Amino acid sequence: MSDVLLEIENLHVTFASPHGPIRAVDGLSLRAERGATLGVVGESGSGKSVTFLAAMRLLDPATATVSGRIRLDGVDLLTLPSREMQTVRGPRIGMIFQDPLAALHPLLRVGDQISETLRAHGDISRRDASDRAVAALRRVGIPSPDERARQYPHELSGGMRQRVMIAMALVLEPELLIADEPTTALDTTVEAQILALIDDLRTRIGLGVVLISHSLATVSQVADTVAVMYAGRAIERGPCSDVFGQPQHPYTWGLLDSLPAVDGGHESLTPIPGAPPSLADLPPGCRFGPRCGYRMPACGERVPDLVERHAGHADACILPMDGREGLRRAPIAHPANSEPAP
Amino acid sequence: MGGECICVMGRYILRRLLWTLVVILIVTLVTFVIFYVLPSGDPAVRFAGKEPTQQVVAQVRRDLGLNHNVAVQYLLYLKRLVVGDKYGWPGLGFSYTTGGAIAPQLWQRAQITLQLVLGAAVIWMLIGIPVGVYAALKPRSAFDRSSLLVGLVFISTPVFWLGMLLLWLFWATLGWLPGTGYVTFTTDPVAWAGHMLMPWLTLSLAFAAIYARIIRGKMLDTLGEDYIRTARAKGLPERRVVTHHALRASLVPIVTLLAVDIATLIGGTVVVEDVFNLQGLGSWVLYGAQNQDLPITLAVTLVATIAVSLLSLMADVIYAYLDPRVRPR
Amino acid sequence: MTDPAPLIATEGLTKRFPVTRGILFAHTVGAVHAVEDVHLAVRRGRTLGIVGESGSGKSTTGRMIARLIDPTAGTVLLEGTDITRVGGAELRVLRRRIQMVFQDPTGALNPRHTANQIVGAPLRVHHVAGNRAVRVAALLEQVGLSPDLGDRYPHEFSGGQRQRIGIARALALEPDLIVLDEPVSALDVSVQAHILNLLTDLQRAHGMTYIVISHDLGVIRHLADEVAVMYLGRIVERAPAASIAAPFHPYTAALLTAAPGRPGAAHRRRILLPGDPPSPITPPSGCAFHPRCPKARVISGDPNVVPERCRTDAPPLDNLGRGRSVACWSPVATTDDLVGAAEAMSAAPDIARATSD
Amino acid sequence: MSVDVSILESAQPPALGTGRSPAALMWLRFRVNRAAYVSLIFLVVLTVAAIAAPLIAHLAGHGPNDLYRTSMLDSFGNPKGPTLHFWFGADASGRDVFVRVIYGARVSLIVGVVATGIAATIGVVFGLIAGFRGGGLDTLLSRTSDVVLALPVLLFAIGLSSACSNTAQGCVGGAVTPGLNLVIVIIVIFAWPAMFRIVRAATLSLRESTFVEAGRAVGMTGRSIMFREVLPNLISPVVVYAALMIPESILFEAYLSFLGLGVPGTTPSWGGMLEQASQYYTTAWWLMVFPGVFLLATILAFNLVADGVRDAFDPKATK
Amino acid sequence: GGSSGSAASGSGSRGGTYRVEATDFGFSNNFDPTGEYTTNAWGIYRGLLIRTLVGYKMIAGVPGNQLVPDLATALPTPTGNNTVWTFTIKTGVRFAPPVNRVITSQDVAYAFQRIATPALAAQYGFYYSTIAGIDAFASGKSKTISGITTPNTRTIVFHLSQPTPDFLYRLSLPAAGPIPREVAKCFTAPGGYGRDLVSSGPYMIQGSPTVNVSACGAITPMSGFDPSSKLVLVRNPNYNPATDSTAMRTALPNGFTFTINTNQRDIFDRIQAGLTDDSLNAPPASIVAQVAGNASQRHLIHSGLSDSTKYISMNLAQAPFDDIHVRKAVNLIMDKAGLQQANGGPLFGELATHIVPNTMYNDASSITGYDPYATPGSSGSVSAAQAEMHQSKYDPKHDGLCDASACKDVFTIAVNTSQDTNEIPVVQSALGRIGITLNIRALPPSSAGATVSTVANNVPLALSQGFSKDYADPSTFFTPLFESSSIAPTGNLNESLVGLTPALAHQLGVKIPAGVTIPSVDAKIAACDAIPTGSDRQSCWIALDKYVMESVVPWAPYLTQHDIHLLGSDVTAWDYDQSSNTTAYSHVAVAANKQG
């Protein structure tokens, strides 16, 4: 796959805090492609949101230090003058967030919030802008969009609000949509609607999509490629079917084994022992090392890089490639079966 | 939604007005009770001169309506309030100490107080909003920290002391500004402003500090909101994000605050009026209360209560207009 | 189906929350039909799972069973005795038999009390004899926490640990029944598995009865013996956990296909229900599901038309045998035709609109 | 930007986080705030000085009510300014302003602490009951607080002070005597509703919190929930607001004394001294400056401490 | 007294405007003479607006208290044992516009009808209660006052129901001045007539001529008077100096303005800058000190000795003041010099040593220098006071200190205005030396007055009390202050309760301590009051004054205040009106050339 849209290379994001620097993203590399969906999964705090906020340059420079490269179509966004960055946000990358009620301005009509975007990025009359806003609402499947455009966010249902967010992100027809947990706040049936909508738009307008979620299942449903994040790094990356079908990293194994199956029975789950490390106090070497059932001495020595082992399928694990499948069935050791306080 | 919304709003306003009426009744009643049950003097005695005979006192009582029991007097007061008296409507009676009609004085004094309060409000908003916004945009900066500290000093400064200090400095020592007292605007606009400047400053500095603090906090909260991130993610210019999205949301709650503060001050500028010798409502109520001049006290109390109730109602309505979330549905 | 000797049962359980308006003279303008005519029964040592979307009345049902709120109508029976109206001392006795674990592990723990105080509270309240400290330590150990951590405050624990404390508190009185309201939905996957394992272990060890509430079918099917599906305050389907995968109710079917399955598992074709769940203040007439029901359209053959009966009459929860019941005028045989019907509905603008208002 | 604060909070160094009671944590956080810490030290010194006022007066050689009318007043009775023996000059009765300023701290501190204490207690108890029990009692208390807030404070103060001043035993059967007592009563009357509202609102939301429900689920009685579950969680807003009430009470006392409604002039109080200063400020600046500076400094210190307390309780508030 | 040097000054010339500023008029009845009972108003009335049958020369000192005929042609000699008084009114005296007609005896009689009309609340109507038939008129039983007859337009006869030797003085009060019925009848509530006062004096309220008095409904307030901002007086065109005398009124300025300026300091700044001439307010001691210290400005300070006494009043029915030894000890210990200083020093007042100010005695020689409680430097004497206290039942230890609990925390009412506040520490410190400690309530003047004058409050000690004459007969002190019949449950001026009998005490709810007999001076007052005005009467009062000071001791008097005026440099003539205790407006003059 060559049509790389967004490329993140060796990204570091560090937050200053009274208790020392918090390394929220720590040497992350990712790639999102045109017309495809990149799923980003990982537990809470693994750095998913921060990564893409960094890509949008939406982190507060007063507290966050960002380094590395984030290229959109080859242009490094991190070095772009902020005025030009404004023309990236919106026209080239659209972004939607988890809680659509909080993400919409409560005092402005939704139609105005959309047309405002249009007017900020082009010389367009108020009237045309609002017409296009209505059209955008119609496109995301909102019934009677002209009426809805005149309503305030709190007057809409959750699913509808998320559709408004999507319409707003897409009204400028960007190349990339970053969806940060777009369905977490929604009901199951509504979640399905929204995922289907995003998928539909992706195929219809050839959009690149980044879908951030902590739910493996959600990601597995719509993503073409998946990146699994742990403590600020991607530890496995590859085509969706590969990552979930033949997971390579012990952490991914753990995640999958923790999941109760929809059609499964009462058999005991195999959780990952321990808890994610404090980002202010990362363990040496492999971040997952302390919780890993297959830890080797070398794990504590260096941070393993993300290495592509099969076509498009990379992982960051020191374990020898051969016999990983076998290992998964028979773990070496099992650290204490409880999670310590963070 | 429109028609029903207005209807609901109307009913809400009606209910609030009803409650205002109840509050007015209670507050005037309390005033009455304080006046009659607690204090020491009989206004009739004073009115009756130095060496009053009991007949004269009785007569004065009758004239002042003090011969009835308190409840009847209160009801009579309410009645006159509603139907008016010989001085016109509303029937506020005449002063026990000067014999002058209350109503014309009330309007005259209310004007002075209103000028004082509104002028001060303009000043404190003009100081408070920019300072608060700027501090919020640069949190923890030197400006932010020093504005917080200076603000706290203002908040901690007793108004009367500040007034005296200003008078001492700018009038008695430097002679830059005219001293206490009041000149009407129409007589001499410059003298008017000169006389009002120190009272305005005195009244507004603490409020400016409080408003700067509140706006800074609201602004910081707002800037942390998801929808601000959304606005930025849409690629809006930072200036528009601040003015259109953050400031707008931050200032809406200020409306309520402002209305209530102004309303409270209408009956509460006693100290400033005292220090600066302004013959407004505040110094009047002080006079009325100290001289047991019930009609004065009641009139100011009434105005103050109505101001508080109506302005806070107004604030709520404006708030509902500005913030669709709180509109009754 | 009525069990021979259910530990806990509800009959016609109904809850309506009044909707009030007005500040000064508040008056009731309507009611939230949170729970409507719910019949349930759980045998001792078994687990009932309640699944449904947000606002479908799961928590309300659970709270009524735990006697935290009073039902508007209907009864709760504990071993055949009506406990709906007990109060005072009797209620205190009852509390020892029914306990609850809450969804939000942080919110459920008083931030001003230590773990020991929290877990010891039921013992203190019920004057349980014996050395309380020893008992608390044992409880903490039982849920996999080191008793050394007992004098820490909730904020010093991780989410999973907090949920363990909540569970320890529920266990303290050795109840017969524990109502678990979304016990894992606030937790990360890896932590969730720990808690689910703990719950199964505890049940095995103590023979407790669970009522598990969740919107996650995976969790329900993992824990439960029997599943009840709720939609807009009503139970629309009840089935043994093993057979729920073959649903009779179109809503269950949609839920099953909409719920993201275990990654890697074969994808079903999704039944995309149009619109949002309706407001429980003004539930739709007849079958509450009819505005969104693809099956109804399959029957009528027209995405815009719903059969008369669905619109006018609420279907009763019919016992279909083998532990299965469904409240549908036309139970589903195969889910395939529903996918298409649902898609057709989404395309039909007036229906989508009608359901989302 | 969404900041996951829970992580921030729990990411404290272990030394801070473990095994310490919330109070100890509070103190650690408070001490970080330098302005608040210095203010606290100032207040402690002031308190010590106020307690040791007789000693200071003794050292100065002037009692608070000793008159030096031949040496410190001119033949017109006008006071003289600071000298070597009268650091802050003399007042219009020829009394030592320095000694009186030190004594004046007593009134301010007592009013600040006692009035706030009583008002806060009333506010907390009423607020807790109203918020928790609801119903008619809640309506009654809430409406009462509304009305009290609508009452003109000053009128009430004047009415009460004249009512309670005309007999030796005061009013309400001698329960309220003029002077400090009356000032405290007036402050309490007008200060409790604010605390009441805060506590009531907090209680209302706490009442709906899950841990209260959990309390009921384990069989706690209403009262036990109120005092064991709800009350400890009110400590933070109550302490924070009470800390803010102290400077307000002190200021209020100063206002009352300034208007001649406060403590009698024979008891030195800053407000009362400033009242006298208001007659002389154009000629005798020291009468205005010294008590005013002390009053300002004390209120400011209390405000800074209150800020510090708030930050310590709620690290998010300052951002 | 100290007034003589500074009171009268210059002769002045005609023209100019005499400008007076005040922080507040403080009128008690909105300037309606029938009820107006304030010094400031009386001074303006007498000098400028209202002529009464008998009046004063409006000059400083004892001569200023002597009655002279004004509207009347001569001072009458009463007949019928001081019960019948007949006056002839001068010819050619006319009301100012808009009335413009000659003043008749009916106009004077009408003034009394107003006084007797209860609804108008004449505040000192009690002075006329001995006019026959006035009660019948008041109660509506009679259409006229039978005791006042007007045989013709120039003659008016007063018939009194009982001998009233000082009746002439009472007729000198402004309420007794002529009032045109055609205007005043329109005002039926207290104070209303004040805005349309029709002058009989040399000046009138500006705008008087334009008031339409043809019908009550048409009357509008005169433009020159706004109670909250100004009172402007201009020459009365109908004033005929021939009917008056320059000894009483020189009437030199063309007009007077009384302006409200709420900023007291500003007033005196303006006076010093020559922008205004005089003030109704006393200048603060700080300003006086400053001016007095400046040789070139010192001449701007003028003053007159007011006919008032400032005193500490002790309640004879309250322990420990029920014991005369304690009361004497209080007098002996009192630091009067300190109290004088608290009031601004000697310039602001003379020490008072007895009840009635000396200026009120025609011949004060027999009481001048009388000081029964003299102490070195008037600063109080510990030894003398303790020796007195020694004899008291409240000094069981005989250590000269008041040991009994009654002396501890004695409830005391004080006044919270600035000078009166300054007195508190002085009294407190003095009384402390004889073992009396005080529980002081400093109240605003009106509350303090109301509190002390309510008998049931049982106030043992009241500081900063002041009493000033209404007219220069000592009866105006003794009768209200010490007569038992003047004890009233409220509004009581006999605060010491002199003459309180057990029966009266019971009626008022006061407890007289066991074994205490409260002295009475009722008989003595009655005896003096019955003597016709003249030197016998004077001697009687002086003897009573001394008796009260030595044998009753209800007070510790300490100050006769000077009425200090800081004058603008334009003032070329000024005198003090002893009768009103104000500036003698009728004798002032300003440099006319310097003002337009």
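By letter and in written order, the chains are A, B, C, D and E; residue numbering begins at 1 in each of them.
One rule holds for everything that comes next: a contact is a pair of C-beta atoms (placed from the backbone, for glycine too) under 8 Å apart; a residue touches a chain by one contact, two chains touch by 3 or more.
Not measured: the values here are computed from a predicted model.
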**OP:** Please indicate which chain is farthest from chain C, where distance is taken between mean Cα coordinates of the chains.
**Re:** E
**OP:** Could you let me know which interface, A-C or D-E, is made of more C-beta pairs in contact?
**Re:** A-C
**OP:** Averaged over CA atoms, how far is the centre of chain B from the centre of chain E? Could you give it in whole Å?
**Re:** 40
Original post:
How many angstrom lie between the CA centroids of chain B and chain D, rounded to a whole number?
Top reply: 24
Original post:
If you average the CA atoms of chain C and of chain E, how many Å lie between those two points?
Top reply: 90
**OP:** Would you mind pulling out the distance in Å between where the CA atoms of chain A average out and where those of chain D do?
**Re:** 52
Subject >> In chain D, residues with contacts to at least two other chains >> reply: 1-2, 10, 162, 165-166, 282
Original post:
For chain C, which residues are shared contacts with two or more other chains?
Top reply: 152, 156
**OP:** Can you tell me which residues of chain B touch two or more of the remaining chains?
**Re:** 39-41, 139, 172, 226, 229, 290, 292
Original post:
Within the complex, which stretch of chain A touches chain B?
Top reply: 53, 56, 58, 62, 82, 86-91, 94-95, 97, 99, 102-107, 116-117, 120-121, 152, 154-155, 165, 168-169, 172
Subject >> Footprint of chain D on chain E - complex, ascending >> reply: 265, 284-286, 288-290, 292, 338, 341-348, 411, 413, 416, 418, 421-422, 424-426, 428-429, 438-444, 447, 450-451, 454, 457-459
Original post:
Residues of chain A touching chain C in their complex?
Top reply: 43-44, 141, 143-144, 157-160, 187-193, 196, 214-221, 241, 244-245, 254-266, 268-272, 275, 337-342
Subject >> Of all residues in chain B, those that touch chain E in their complex >> reply: 39-42, 45-57, 59-60, 62-63, 86, 94, 97-100, 105, 108, 172, 178-182, 277-279, 290-292
Subject >> chain C-facing residues of chain D, complex >> reply: 9-10, 17-19, 22, 209-211, 213-220, 224, 229, 232-233, 235
